[in-house]
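Note that subunit A is present in both complexes that follow, paired respectively with subunit B and with subunit C.
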Partner chain A sequence: MGLPAFEYYCPDTSAELERLLSECGGQAKILAGGTDLLVQIKGGFQSPAVLIDIGNLESLQGISHKEGKGTEILAGTKIAAIEESPLIREKVLALYQAVRLLGSPQVRAMATLGGNICNASPSAETLPALIALGSELTVAGNGSERNLPVESFFLDYRKVDLGPGEYLKSVFVPEQSNVSGSAYLCRMLRGAMEIDIVNVGVWFLMDTEGRCQKARIALGSVAPKPFRAYEAEAVLTGKPLSEDNFQQAGKVASSESSPIDDIRGSAEYRRDIVRVMVARALSMASKSLQNS
Partner chain B sequence: MKQVIELIINGEPSEVIVRPNELLVDVIRDKIGLTGTKKGCGAGDCGACTVLMEGKPILSCLTLAISCQGKHIETIEGLAKDGTLHPLQQTFVKKGAIQCGYCTPGMILSAKALLRKTPDPDPEDIRYEMAGNLCRCTGYKKIIEAIIEAGQGAHEGGPERVRI
Partner chain C sequence: MKEAPNVSGFDFSVIGKGLPRKDAWEKATGAAQYTDDLKLPRMLVGKIKRSPHAHARILSIDTKKAKALPGVKAVLVGSEAPNLYGIMPQTPTESALSIDKVRFVGEGVAAVAAVDEDTASEALELINVEYEPLPAYLTPEEALEDGAVPIHEDKKGNNIIYEGKQSFGDVDQALSRSAYVLEKNFYTQCVNHAFMEPHSALARFDEGERLTLWSSSQIPHYLHRTLSLVLGIPMQRIRVILPTIGGGFGGKGEVASNELCAAFLARRTGRPVKITFEREEVFFTNKGRHPMRMHIKVGVDENGILQAIDFDTLMDGGAYLGWGVVVMFYCAAMLHLPYKVPNVRFHGMRVYTNKPTCGAMRGLGGVQPRFALETMLDEIALKLDMSPYELKRKNAVESGHTTALNNYVRHSEYKKCLDNVVKRSGYLEKRGKLPFGKGIGLAGAHYSSGTSYTLYLAYKPHSSALIRVDTESGVSVYCGAADIGQGSDMVMGMIAAETLGVPYSDVQVYSGDTGITPFDLGTFSSRVTVACGHAVEEAALEINKKLFGVAAVSLGVQGEQLTSQNGKILSQFEQKKSMDFWEAVGKYISASGPLTATGHYTPPRRSASGKVQGGNIGHAPTYGFTAQVAEVEVDIETGEVRVMKVTESGDCGQAINPISVEGQVEGSIVMGMGQALFEEMVAEGDRVINPNLHEYRIPTIADMPEIDTEIVESYDPESPYGAKECGEGPIQPVIPAILNAIYDAIGVRFNELPVTPEKVLAALHERPAS
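Showing the complex of A and B:
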């Protein structure tokens, strides 16, 4: 399988990237790891006239942490670098759990966090984890920057909020406190190189009485885009962190999902497994809290 | 828009002229002439095209050659030294971990990267780190045994020491 012809640029600086993006308009696609984009070009699903390779842009790679604030991951950071980072394992456990289940070692060595986000697959592993953790994205381009919550970045099936000349610059995951719990879980058949049947990210903050003060439940693979199950979150708010409440939140999350039938699982199965997975993830997050 | 790039393949610098849409796997096979790297699914699922780039296993069927300027790439041809097979190649032969052989170059390169990271892996480590390589003959058990044995050689040193 060969590739159709395209123009290729490999900028060395962010300024050059911004200039190329504004000159090429909608003709250009950013090439990060290539593990999604090149498959789509090979398959004829996309045919960009210009590819802008960000592989040389060191200014778009790296993980940093500010005590008490949170962790910043630049968009061009490889998934393998996130997986191997002791900082991510310590501070952003749910994201670590998610990247361990993304693709294969080869895919993780090539793919980037920004690529996984911008490809906007409804089943992308990192998205429920990032949404649940309350992450924020920084979009840059045309000489300015803007921030938005990660869940608002997804407009529709594989459609993201990136205007002409814009690119995803970084992801910021706020610092987790010692009274917050989080977890990522997914349902897959093999354990690698899969399009998940369901994936779930959960997070909650406990108040001084041991009740749930705030919760976020994010679901992937069961709607055209990853989304927050707001009604299920409301079930938990103000209530004790108990198995009964986790089960109830699972039921409500199931009714908020709108899965399709496909080769990996029926809609009926997915709705049922959402119920199970949400309750299980909440229970896992609650245990992580007790052990910390 | 052809461009001259330099690839350092198995320690040897090579200059090749590439178009932007040429894939690394095709350049390695057709322009450098090293056909040990195999083409399988072409979509990153099977791992037959795995090579090591700067020591990490990557899919050469989803990598643009033009993006590899100056990179160190290791293919299966780089493993045997002075007519002696690499310990992983030896244990793959010894354990019968090779059936049709098509997945073997990719398997061995992924295994080499794994042993660099985890010198004495258990079967669970191996299943995780080798998940991107498929064997259509389904000879996984012997492949796991061969990797364990090569890893143990690395610990004991001597002639079977894995050169990583």
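Showing the complex of A and C:
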């Protein structure tokens, strides 16, 4: 296999998981689907001394919905399960739009939502969608739990807010009202199996006058971590949901992004595309609202 | 299921019927055995240590620690395998491992055999190589600068591998008299074949120094020769076997270092050794399509009739020779077709650089000039206010054409391809009339159906076949052709079945095994259907002749009046006079012993008249033709180009198996689209930074256009069952058809590949406001 030696545990209960995590301190990595972690270990970018496989933990898998509250997705839920869930399509459409573009069918069959979040790639598909939808994470460990907004989980490039003994337990996406619109869009160099040039999640709440009461615009692949384009959100807030304003928000979002040159595209091109994709995502969200 | 139109006048029962590929199920379910699936008792795993330097002298290699590692059975370095080889045997430049110098990042410097992969990898880390770095030349221009260190020291003090010149007619005069001359520069990028199965070889030495090598190769014969040369053992003691092969596209058309290292390590350890490349090793060793800079002038008269082509190219060859000189002169020959060009001049230089070697890749020599020329003809036609279709049709070759290089086109339905594709796609109604951002483009091409010469001087037949028929095992066809996934086994089986008048299911084909199958040069130059097909047909006719002798006596008719059909041997004039095919086989064997026959084929030898550099290269017994129309949509805000539909009309003669033809055409279109829009081996400094299929982007199923292919009515009477090539022609027009469509969509001509969204967007921004 070409993997360096490591200790391997496969707990059957959450209690055992917590015990293992606290015993190993910072030495352990959680192995979920392995689609990122094993590739990184094989490539020599990480060499954790301990791997804790959560594949047996049924308590970390599943999607549930509470009417009027929102949708909870446990961290160990497979991306394919999210993609195939009618509940997700109905209640969290933007997340569905994101997961169906994650990797290949083989990758989606193995990868988990928690893995995609904790791997913290700046271009992770699920993150802009989850941030835009105002999702919260539940982090557990050391006998307690805490909640935080998705966007504050990311501290820096591939750095997340997980202390020793902690693990990501679940994601909660609040119920969307019938006057909110959301969408996920990305720009790829080919139709599948891509690290995106830019990915965009948008959400807004419409007031009784048809204006934007509140907006969230989340961007991936154009900064060291996924982030909210607060200035672009401000541009939209209080304004009519019009193409002109979507364009304007796109322009501002573009100036808030800080992409780099790489093999997939120049920083200049990415900034240009942020403008286009933010405007398009807003337009798409607005259409979803009209159709609902 | 498509049936090929039958214009031969024969009523075929197997040929032209779309039969599902026999190997499809096994491949789709994973049951097929590729080389890496093979395991032998006591087998060791081999690995190759690779150079981190693009150009350096090797001062020393210390293998002591690696040898001492438990589980390591042997370590090999270049000086222990010093015989040089190359696919062009006259000018060998390569060795199993580099001997005293490395010439590209990723070149092999040592190999180990160990009990498992982890041990072998660990051993590589323990080998210490001391290098003295030399200046690395990453472009042909750098390598040609004054004072550049020769990458190969045996050269005459510079890095020019070969400079080729050909001139026919008076190009300067023809251009000066042309009503219109277009002059342009083009560049094509470095692309890799991206076959699904990486190289893999398994070597075993038996008692008495007999080597068996299982390998993923297109060229069992040249591999056989090279093993003999490099290992220093007679060919008679070597057997090369091809298991199932997961594609080659030219990339397995040369001997690879894993094949040689596995053999050396097996000899040294007395145990079987397997070496399978990682994907990055496939990219490092490359042998993909040559990046070419091209400077071209094309002249036409006032009616759009071609007067002259003046073609100058600088080819980036990478670190070794490979197929290089052949690719250069193939390129030169490609200029002469599929249009009548009275005056042609070619000048090319292939230059060494410190990069992975370039070589043969599907449609070799043709893809780069065809991209340039078909887009130039499009531009010229529009300048003359003429439809590109009309201009191409006016100049298209027909059967019986002889080019200035002396290529003889015995059969062409190219005009039919153009007519058919234009009609089916609605090209004339759409071109120039679609909304901004949508476009349609036409391109056409040809490709050689085989090659007139072997790579070394030899007079033996290029292909041969043996057929054995008996009542126990049915019809067994033995041929040396390499089925690398293109489906040649099935083509040979269908030709035998048709000729013998038995169902295809009665025939078993054994191929690609130098121990049991007769001689064949291998799979390259789209030669197999015509060459090996001839041999199989001839052998089957000989079987018939023997059986007709038996049946003639039984039926009381003359042997020459008999025919084989539907499992019977019967009189052509009295259907009642018939006997069962297998009864005749039984009688023959009872009376005369085993029923076998052989057939063979040698293409007509042609060369350029007079003494012309590379004048033997690019002549083929016959040529395939194709025309394509691409329809694109350009996202004018992001620059994304989406190929919506490709319509293709192909002249492959009579299709033996139309389903396989369709597969070849669709595969060619997707591969060409990859080079047009997505693919490029990108180097940062001296290393390839995308040696993987994640960042080296071949198209995915999500990028597939709608593809509509049709085989035009065609029959080459001198070919086996009228057949011609279809595996390399159809990639030729893809790139220019797409680029002509992009021009139609947004009014921009791209001369450099790939056409990325970023380039499109930049061009749109620069476009003068209309």
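Here, the second predicted complex is superposed on the first by the 291 of 292 C-alpha atoms of A that agree within 3 Å, B and C clash if a C-alpha of one lies under 4 Å from a C-alpha of the other, contacts with A are read in each partner's own complex, and residues count from 1 in each chain.
By definition in this document, a residue touches a chain if its C-beta (ideal position, glycine included) is under 8 Å from a C-beta of that chain, and two chains touch if they have at least 3 such contacts.
On a predicted model such as this, the values are computed, not experimentally measured, just so you know.
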Three-chain arrangement built on subunit A, subunit B and subunit C clash or fit: clash
Partner chain in contact with A:2 - subunit B first, subunit C second, else both or neither: both
Subunit B versus subunit C as contact partner of A:107, first or second or both or neither: first
Partner chain(s) touched by A:80 [first = subunit B, second = subunit C, both, neither]: first
Per-residue contact with subunit A, leading partner among subunit C and subunit B: B
First, second, both or neither for A:272, with subunit B first and subunit C second: second
Partner chain in contact with A:34 - subunit B first, subunit C second, else both or neither: first
Contacts of A:189 with subunit B and subunit C, given as first, second, both or neither: second
Partner chain in contact with A:55 - subunit B first, subunit C second, else both or neither: first
Touched partner set for A:68, first subunit B, second subunit C, both or neither: neither
A:143 touches, of subunit B and subunit C: first, second, both or neither? neither
Subunit B and subunit C contact sites that coincide on subunit A, given as residue numbers: 1-2, 191-193
For the subunit A and subunit C complex, residues of the former touching the latter: 1-2, 187, 189-195, 263-266, 269, 272-273, 276-277
Residues of subunit C that touch subunit A when the two form their complex: 117-118, 121, 637-640, 678, 682, 689-690, 694-695, 697, 699-703, 756-758, 761
In the complex, subunit B residues that touch subunit A: 1, 19-23, 26, 42-45, 47, 50, 53, 56-59, 61-64, 66-67, 110, 113-114, 127-133
Touching residues on subunit A, where the partner in the complex is subunit B: 1-8, 10, 31, 34-35, 38-39, 42-43, 51, 53, 55, 80, 103-107, 109-110, 191-193
